[in-house]
Every structure is written in structure tokens, then in C-alpha cells.
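Next up, some structures in C-alpha cells.
Consider the two complexes below, in which chain A is the common component and chain B and chain C are the respective partners.
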Partner chain A sequence: MSKPKVGFFSFTSCEGCQLVVLSMADKLFDLLGAVEVVNFREASSYKGEDYDVAIVEGALSTVHEIEEIRAIRQQAKILIALGACAHIGGINCIRNFDNQFEIKKSVYGDKVANFDSILAQPIDAVVKVDYYSRGCPPNRDGEEFVEIVTAILQGKKPYIPNFPVCVQCKMKGNVCTFHKERPITCLGPVTRAGCSAHCPSYGNACIGCRGLVEEPNLNAHQETLSGAGLTVEESLKFYRMLNGMMEVGK
Partner chain B sequence: MSKDININVHHVARVEGHGNIVIDVQSGELKKVELQIVESPRFFEAMLRGRRFPEAPQITSRICGICAVGHTTASLRALEDALGIEPSEQTLLLRKAVLEAEIMQSHVLHYYFLVAPDFFSVPSVIPLAASHPDVVKRALRMKKLADDIVTIIAGRHPHPISMVVDGFTHIPTEAQLRDALKQLKTMLSDDVPPTLDLFASLKFPAFERKTDYVALKHPDEYAYYDGIIHSTETGETRHRDYKNKVKEEVVLHSTAKQAKGPFRPYMVGALSRFNINSDQLMPAAKAAAQKLGLAAPNYNPYLISAAQVVESVHNIERMIYLIEELLRRGLKDETVERQTIAGWSAKLPPVKKCWGVGAVEVPRGVLFHEYRIDDDGLLSWANCVIPTGQNLANIEDDMRALVPTILDRPQEEITLLLEMLVRAYDPCISCSVHMLKVDFV
Partner chain C sequence: MKNYIVKKERLNDLIENLIKTNEVIAPVAHENFTAFAPLSSPDQIVWGAPQTVIPPKQFLYPQSEDLLAYEFSNDEVKITGLNTVKERILFGVHPCDLNAIGQMDRVWAEKNIDSNYPAKRKAMTLVGVDCLTPCSPEAICLRLGGLDPKGRFDLFLTDIGNSFSAEAATPKGEALIEGAVAAKAADKKKLSAVRKKRNLIFDKKEKKLLPKYQDLPKLMKANVDHPVWEEHGKLCYGCGSCNMVCPTCYCFDVQDYMHVSLVKGVRSRVWDGCMTEEFAKVASGENFREDRSHRLRHRTYRKLNYLFDKWGESFCTGCGRCIKACLTKIVSPLEIANEIYSRKI
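Coming up: the complex of A and B.
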């Protein structure tokens, strides 16, 4: 593949994923040598529409965004979903389980009809996604993002782990969060690895930001969560922090 | 002179989030000035309702990828204000250091990556990487060190991991802090002087409009983490009474609510802080202000970027001070003796119905989080007031004052000056569109 043209696009999100890309420092210089960035609004006032690769962050949460992602998909030969909002809907889907009209009304009052907002959904709920760079945020030095972009440039398949975070957590020698003196419940047993178990290594719990592993053992995990004192309703809330979309067949 | 001008900048570039500038001048008369905010609504306050209180910092961190530590800090301070928790000295030093680091990374990102391209007449930092690699590498180095310091203390940037109610779930090693200290000192001696040379050589547009400047103020230090709300026009307000100073309203051209003072719009951010607290800056930052020709009070909003340069020098000096203080005291793992409360502790500590407010200075100005907690430890109500939301009305007032004075210039120049004005405020639009729950009058 000759030097591909890349466009960055941002939907409903904190835009932290683009910042992680900007923070890659040295690797960024290497990548800039291999691709041509034609659209990156957060970093550039130049707007080109001739991209081959679209890198998309954020969930879709307005009618307008759905129209935009369809147009982007038509133009792009390759579409990469960057970060948890684009991949699994992420934090935005928490509100999907509330009454949408009530939420909008509580914010905009009698002006509610003027504002466009629909249920939040990941990119692949609307268009096909070719690659996922997972995480909230994508792992810090951008290893997986670089892995994906490199694989595309070399025409190879990127390596993305398909085993749970627990595997990497054990390899790091962490004490299991469920077995600490004051236990913290954790989504590590069902979440896809690739983050080096970063959150448990910093003394906190995995909150499932990389989405679920293929065929997760949800029943066993529910038993563990119950054993740690969570009700079924609380367990669901825990999952729904970032993975609300899994319940509607993702 | 009578002239028709119609400016419509769709999605202002090099700002965080989606915003449009709309100016309509008919026969030399200014008919319409709008900074339209078209970011998608986020509804964070609704997301928080019914969640366990220790989740609030983790969820609200995701309001913003640039000031994630700022949101986490404001969230923790609101929870601790409600629960009557006073964190340890070590926790305060670590939190202050990580907040200084985030403010520095945000400022560096803004003045080097988002503002500087205007002065080099290039669309972005990417062509600068080819034409001025030393400048871009310096910027990346400064940003990376700030990111690294957030990482060793809080786990990563954005979205810190170890910052929880009443402490940290993970403590950096002394070796990590000593290494950071060494790099900070090198940065102060090697990277700060050329940064100051560069920004002292830039000619910022001349424009002045005095407004109400608002920032936290603290007797002991240049206030970021803690302080009383200070306004140059209306005096002081306690943090729990912030609604006396901040009133939000829905305007139809913005999905972000605009917050205004009781009398008129006001400015928050680096220039406000500088105007109110500049006598508390560290020595090299004071010298930097002198070199950039910045003296308080200053009424030129384009110089917000210059105030950010000054603050970033202050941030480096403060991190050096805070880390030296941490090393002098010796770090200890306090998770054993204190009931640090991580997001998904299996059992919540007993809680009585309570409410609290956290007011913290973040890169773009003062940020408020307010929560109500029920007897079962669940959040029943939340409100977040974002700096950019507070600045939006003030930016429109600036545009109203500026446009009539530049009507004789070519439309491209007017457009650029307006874009530069909006960029100077460093608006964080995805942040401001987090959707506020307020009572309508």
C-alpha cells in the first residue's frame, strides 16, 4: 500500500483518544512518515476529504452523527474504531437505560424539542468497522493502535489478544482484587486482555473498558460477584458502566 | 462605512470539540454574533443518578480527555466535602502535583499545538514537524514529561486509575519521583528559555475589553486545588455558594449551557487566575511574565495563551517543590490505615444523606462538581459547571466588541482574528456539553 491518506473523526466522546495519539511523541513522528494526515480537526485547520483510512473516536448519539458516519464509511476503504466509545459505546450507554425524554427534559426544560439526541450506540451498530483499537483510553503508549496501523501498512492481521485480563494480571504477580483485605470487585475475568492489567496493577479494579472477551463465562463471573456481596442489579450496573451495549446483542 | 459581512466558520479547528462561529453584519451594523456549540449532548448528570458514590470520579473523568485529572479532583473534593472526609497531607501533596502536571500538559498542548500554528501561518503542527522539528520535539517532550508524571502518580493520562476517595490505591516509588524531579529541573533550565523566546517573539493581536475575572484564591498558594471563589467585580463567594455567582441558562444555538455571573458574563482560566493571583507565582514564572510583557491586570483575551505559558513555568516549579516535599517526608502506603474507597469496593461504608461541592481550578478555569448522596450511598443528584460553559457568553461579548473595530479588514482576516480569539480561550467543547441539570426560572 502506498502512503495512505488518513482522516481522524470524532463523535460523542471526551476526545481523549485523539489526545492519546497526539501523546505518542516519538512513535508519532515515525507514523507521520508512513501516512499522510488529511483531516484531524482537533489538531489542524486543514480539511481534506480524500482519505483512505478513517480513524473514528466516539459513540453515535444524534441523528446527524449517523448520517456523518455513513458518509465516512462510503469514502473510507478502511475504518478503525478508536477507543471504547467507538468500539462498545462506552460510558455514553449508561444513560440508555433511563427514560430518554425525562433526561432531556431535565436538562433543556421546555426547549427540549430543539435538541437532537438518540440512544448512544457504537460505530458498528450502524456501519461495518474493519479494526478496533480498544480501551478507555486506548493503552497509553498506543501499542495496540500502532500495531493496527502497522499491520494495515504491511498488509498483515494485527495481533489482538482474546483471553481475559486475569491472565495478564496473574503474569504481573498482582494480588487478585477479590482476595484483598478489602476486596474490590473486578471485571477482569470477562474482559479482553491487551492492557497489561493496568488498572489492577494500580490498585483499582478492571472496569471492562476493552469490551468482553469472546465467549465470556458470565455465569461464573456473576457467582463471583455475588460471593463478593453484589446483588444482580448491582452487577448489571457494574457491567453497564462501559459495556451496556452487550445486552442488546453486541 | 456600510458593509455586509457574513462569516460562518463550520467546526472551528484546533479546539477540543465541535463549535461554529456565526457573524452577520448588514450595512455595517452587527446583527448577529454567535458561538454555536454543536457538540452532541452527553448527559453526564443523568448518568450519575443512581450510581454508587465512589464511581463518580471514574465516570466524570470521562467528561474530558484533556482535563480528566481536573474532573477527578473536583469529583473527589465534592464527595469528601459531602462525607466530611479530610485526606492526609501526603494525599494532598500527590493530588496537587498531579493537578499541576495536568494543567501543564494541557497548556503545552494548547500553546504549542493549537495556537502556535496561527503564528507560523500553517494549518497544523504537522507541517511544523518538518519545518521546525526542534520546536515540535520540545513541545512533545514537555507534554510527555507532564503525562509521565500523571502516569507515575495516578496511573495514566487521561482517566486516572489510582485517585480515589480519601487517597490513592497506588503510591509511586521514591526512585520514580527522583527521576521526575531530575527531568523537571532539566526542563526548567533547557526547555523553558527557548519556549519563552518563541512566545516573546510572537505578536498577539491588540484588543482590550475589561470584563469580570473569576478564579479561586487561597492565602497560601497560587490557587488550583483549593480556595474561595474570587471575582474582580463582585468579591468573594464560598465554594458551597457557587450558585450565587454562576447561573446557567439554555440558549438555542448551543447544546452547552452558558453560565453567567449575576450581573454580566465573566472570564475564567489562565488570564483570570493571573490577574487575581499573579503575586503568588513562583520566581521563574514571575520572570517569565516579565519577559512576555504580561502584567496584571491585563484585559486582552488573546493573551490567555501568554498567561498559559507563564502558568506552565509555574507548574514546573510547583511540581519540583511538591515532589521535593514528598521525598523529604518519605512516601508511605496509606491504603492500609485509611479507608480509601475505590470505585467498586465490594462493600460501601455506611453513609448518611449528605451533599457537597468541589471547586477546583483546571486548565480552562474554575470547575464545580456538586453531588447529593442518599442514605444507601447512591448519588441522587449531580451538577457539573464547566469552565468553557462559563466562558461562552464572555467570548460572544468579546466578539461583539471586536467585530465593529475590524470591519474595514478583509473577510479572511476578520475570520482568522475571530478563530484566534475563540482558540485563545482554549474552549473545551466536549466538556461543556456534558448537560447540566438546573432549575428554570
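Coming up: the complex of A and C.
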């Protein structure tokens, strides 16, 4: 296989995911040995149009972005969604639950008519996504991203766990946030692992940035959360922080 | 078995000395729990409760263990076996975990003999410590045969006031305790009295097991379709917490980590758990235990039925960790057995 040409594209996001890829240090050089980057907004200003693999970060939140992602999909043989915004809409979707007119007005003031902003949505709400590099941001040492690229080069399926974060959290020997002296509620039991339980390992709760497992037990989680004192409204808010999109379906 | 008695300060001195030349691992404070970690001072050891979040199995079959490295050159593959073995002394291991290690010794020595486990095990010196009161409300060790360590240690300490009684089951254990100043041979009188009192406390405090211990496999076999599986199973996350924290869960997955250059890679063994969604899924996509209830039954059967039959003892040693870890409180082998026993179908 000749070196695949890779383009990075950015939609509504903080662009932190590209920074994660850039900050992979030693792994980055290995990657650059395997692929040719022709478009990388964070790395260089060169804009190539000739790419086979599109790596896309960010959610879609304007009409214009929808047109763009369609064009990218037409060109790319392989499309990878990078990070939570691209994968599940992420934090951008919080605003989907508010009054859109009020929100736009508070951001754009009297220029509101000039902006084509729409409800935020993940990439696969509009086009087919071939691979997901999950997380906000994708796990810091970039291991899963490299795993995906390696799998593509090998022509096999990347290994992405489909079990909850608790598995890796326990492997680390963490004290479960629910069992701390001062308990914190956690989305780990329904969230897809692969981050090595990063947040619980630093004393925080999992907030679900990698999206849910394929068959999350939401009833069990409702029971756990209400047992920990959360109302239904509070539980929904917790989910909506990054996973609001699941409520409307993808 | 040789019996000794050693003053507590003398034992402290011994540990202090051992730390200088060995890796000594023991339970140390970890938030409101404990964790097995290398010691820098004997004062760090937490001798009793609370229990460690995960058992010491990580030192025999680590969470993720590289088994071999491979490298392609021309038409050849070069394969190098990997095994990181370190001489280690594990201090302060409780009876439930000692029993679990004893069970693992049998399991890992069966059939497809693996070279990593035995090498790690051989390099390990096991110093247990007796429990005089249940470590948590979840502990069910007395009920499931985990409280008596049955000689599964090199050395076993019991707190008998200002001294420890030390039982040595192996020459390794004898050599270790004879390194302590003024350790002397002792009879078992004081020890028996302490244990007798201890057993009464455990019997009062631990949840009762309603069926007879010996009848557990039979009870399980007769209740494949008991509603308890479905009732409990529907609240299961498939989160594998109960597997990860269990000293007798030893299932693993084998992963290949190919380097992005595609010329080399590593094959690793990582902890896996039968309660997770895809554990019993095979390449064709078929999943042999798709239902959570089936997975819960399988896990419970491993502890109280299949392995009990095969090795003649419960493979739940009653440490209580899964009972604590399970957020929806559905996994306790003892409670499942009790429910089945008292709700005949």
C-alpha cells in the first residue's frame, strides 16, 4: 500500500482534538512515516485537495458545515470522526435543549439574521462515518487514534472496547467515585471504555465523553443515580453534558 | 507447619530490613480503601480493614502483560517470549486472597501450561495475615471457606496481642521468620484461643448462608431457570467490575498491538470478564451469552458449581469485593444462593 494521503478538517469544536494528535510526540513521527498529511489546519497552512482519508473533528452546527462535510465525504475513501464533537455532537448539543431563537440572539445580538446556525449534530447524522476516535479529547497518549490508523493500514478492524469504563477503572484499582467518602455520581457504568478510566483515575467522575456502550443499561443507571440522590432532571442534565444527541437518536 | 512467636517491634525491624533488599508489597492506605503497593516503611502497612480495591492477582497475572514481541524482516518473523519476573515479598495478604492464590496455582498449572504465571509465582514469597474481625459488611469468607487459609502461604501471621503468632508452611517461610530477632518456636494454645473467639465474631457478623456449603453445586444445577437470574440480571451493567475485583476471576483476552510501521508488534494478555457484553462473542458474530442474566448465572456457576465440582471447594472465597463493587447490588454469590434456596421453583 502506498502512503495514504490524509486530510484533517475542523468543524464546530475547540480544535483540541487536532492538538492531541499533534502532541503525540514520538507516535506522531511513526504516524508521519506511515501516512502523508496534505491538509492540517493546526500544523501548517498548506491546503491540499487530494486526500484519501479525511479526519474530521467538530460537530455540525451550520448549513454551510453540512455542505462541506458532504463534499468531504464524496472525496474521502475513508472518513474518521475525531473526538466527541464529531462522534456524538458532544458539548455543542447542550444548546439543542434550549430555545434556539433566544440562544442565537444572546450570541449574535442584532446580527442574528446573518448566521445560518442550526441544531448541533454529530458527523454521522449527515454522512457515513467509517471509524470513530472517541473522547474529549481522544485519549491523551493518542493510542487509540494510532490503533485506528494502524488497523486501516493493515486492512483489519481496529480494536475498540465495547465494555463500560468501570472495567478499566477497576483494573487501575481506583476507588469508585460512588464509594468515596464523599461520593460523586459517575457515567462510567454506561460509557464505552478505552480511555483507561482517565477521569476517575484523577478523582473525577466519568462524564461520558466516549459515548455510550452499544447496549447501555439505562434503567440500572437511573436506579444507581437516583440512589445517589439525583433527580431525573439532574440525571438528564448529566447525560446532556456530552451525550445529548442520544435522546433524539442518531 | 512450624509455629513461632515474634514480638511486634521485632517483626517491624524485620520488615524494615527486608525493604532494604527486596520489593515488599503490602496493603497501604488508598483513600477510604487500601491498595497493594511497594512499601518504603513498615508503618505504611494496613494490617486489617479496609480491604484493597483489587486483590493481589495483579502480581501473578497483571492487568496487561506482554507475552511476546514479534518482528517481521524479509520473509521471517522473529518472536521473542516476554515475561517480567521480579522477586517479591507480599506482606499482609488476607485469608480469602491466600485461598484464591492457592486456587489459581491449581488452575494455572492445569493443561496448557503457561510459563509466565509459574515463574512469577515462584519468585513470590507469600506472607499472610489473619483476620480477627470481618473487613467489611460484605465479607462472607467464613461462609464460603475462605477464612481458613489451609496452609496456602509461606508464612502466616496472627495478631495475639503484643506479639504475632507466625506459622510457616514452607522452608521459605521458616527462613523469613527466623531472620527476625528473638522469633521463637511456640505452641498453638494461645493461637487456638484467639481463633476460637474470632470464629464466633465472624459467625455473628457475617451474613448467613442458608443452604449447606457442600450442597451449593447441587443447588445451582437444579436451578438453571430460577427467576433470580432474570431479576438480578436485568439490573446488570455488564460492567465487569465484579470480575476485575475478584481474586478468583482469571479470564483474559489476548490482544495484538501492531506498531504503525507494520513491521513489529507485541502480543499481550489483558484481564477480561465474563460479565461484559462481548466476552462470549465469537468471530462469526454469534454471542453465546447475550443475556445479562445468562452471564450472571455463568459467573455464579463458575464460583459455586463448575469449579466447586472440579476442585472440591467454592471458587468464591468470600472476600466480598464484588458485592461492594456492584453498583446495583445484584452479584453476591451468597445472596443469590440464599434467594434460590428460599424461593423454591
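Here, the second predicted complex is superposed on the first by the 250 of 250 C-alpha atoms of A that agree within 3 Å, B and C clash if a C-alpha of one lies under 4 Å from a C-alpha of the other, contacts with A are read in each partner's own complex, and residues count from 1 in each chain.
By our rule, a residue touches a chain if its C-beta (ideal position, glycine included) is under 8 Å from a C-beta of that chain, and two chains touch if they have at least 3 such contacts.
Computed from a prediction, not measured in an experiment: that's the story for all the values here.
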item	value
Chain A as common anchor, with chain B and chain C clashing or fitting	fit
Chain B versus chain C as contact partner of A:Ile55, first or second or both or neither	neither
Contacts of A:Met246 with chain B and chain C, given as first, second, both or neither	neither
Partner, of chain C and chain B, that touches more residues belonging to chain A	B
Which of chain B and chain C A:Thr224 touches, first, second, both or neither	second
Touching partner for A:Pro164 - first (chain B), second (chain C), both, neither	second
First (chain B), second (chain C), both or neither touched by A:Gly109	first
Touched partner set for A:Ser117, first chain B, second chain C, both or neither	first
Included angle at chain A between vectors to chain C and chain B, based on C-alpha centres and rounded to the nearest 10 degrees	110
Contacts of A:Cys136 with chain B and chain C, given as first, second, both or neither	first
Touched partner set for A:Ile152, first chain B, second chain C, both or neither	neither
Touched partner set for A:Cys176, first chain B, second chain C, both or neither	second
Least Cα gap, in Å, left between chain B and chain C after the two complexes are fitted on chain A	9
Complex contact set, residues of chain B against chain A	11, 13-18, 40-43, 45-47, 49-52, 55, 58-59, 62-66, 68, 109, 113-114, 117, 123-126, 129, 140-141, 143-144, 147, 151, 155-159, 161-162, 164, 168-170, 250, 252, 255, 335, 339, 342-347, 419, 430-431, 435-437, 440
Residue ranges of chain C touching chain A (in the complex, touch as defined)	30-33, 35, 52-54, 58, 63-64, 234-241, 243-245, 255, 257-262, 271, 273, 276-278, 292, 324-325, 327-328
Contact set on chain A toward chain C in their complex	27, 30-31, 33-34, 146-147, 149-150, 153-154, 159, 162-164, 166-167, 169-176, 178-181, 188-190, 213-217, 219-221, 223-224
Chain A residues touching chain B - in the complex, by the definition given at the top	10-20, 22-23, 25-26, 28-29, 32, 37, 40-47, 61-62, 64-65, 90-92, 94-95, 98, 103-104, 106-111, 114-117, 136-137, 140, 182-186, 198-199, 201-205, 207, 228-230, 237-238, 241
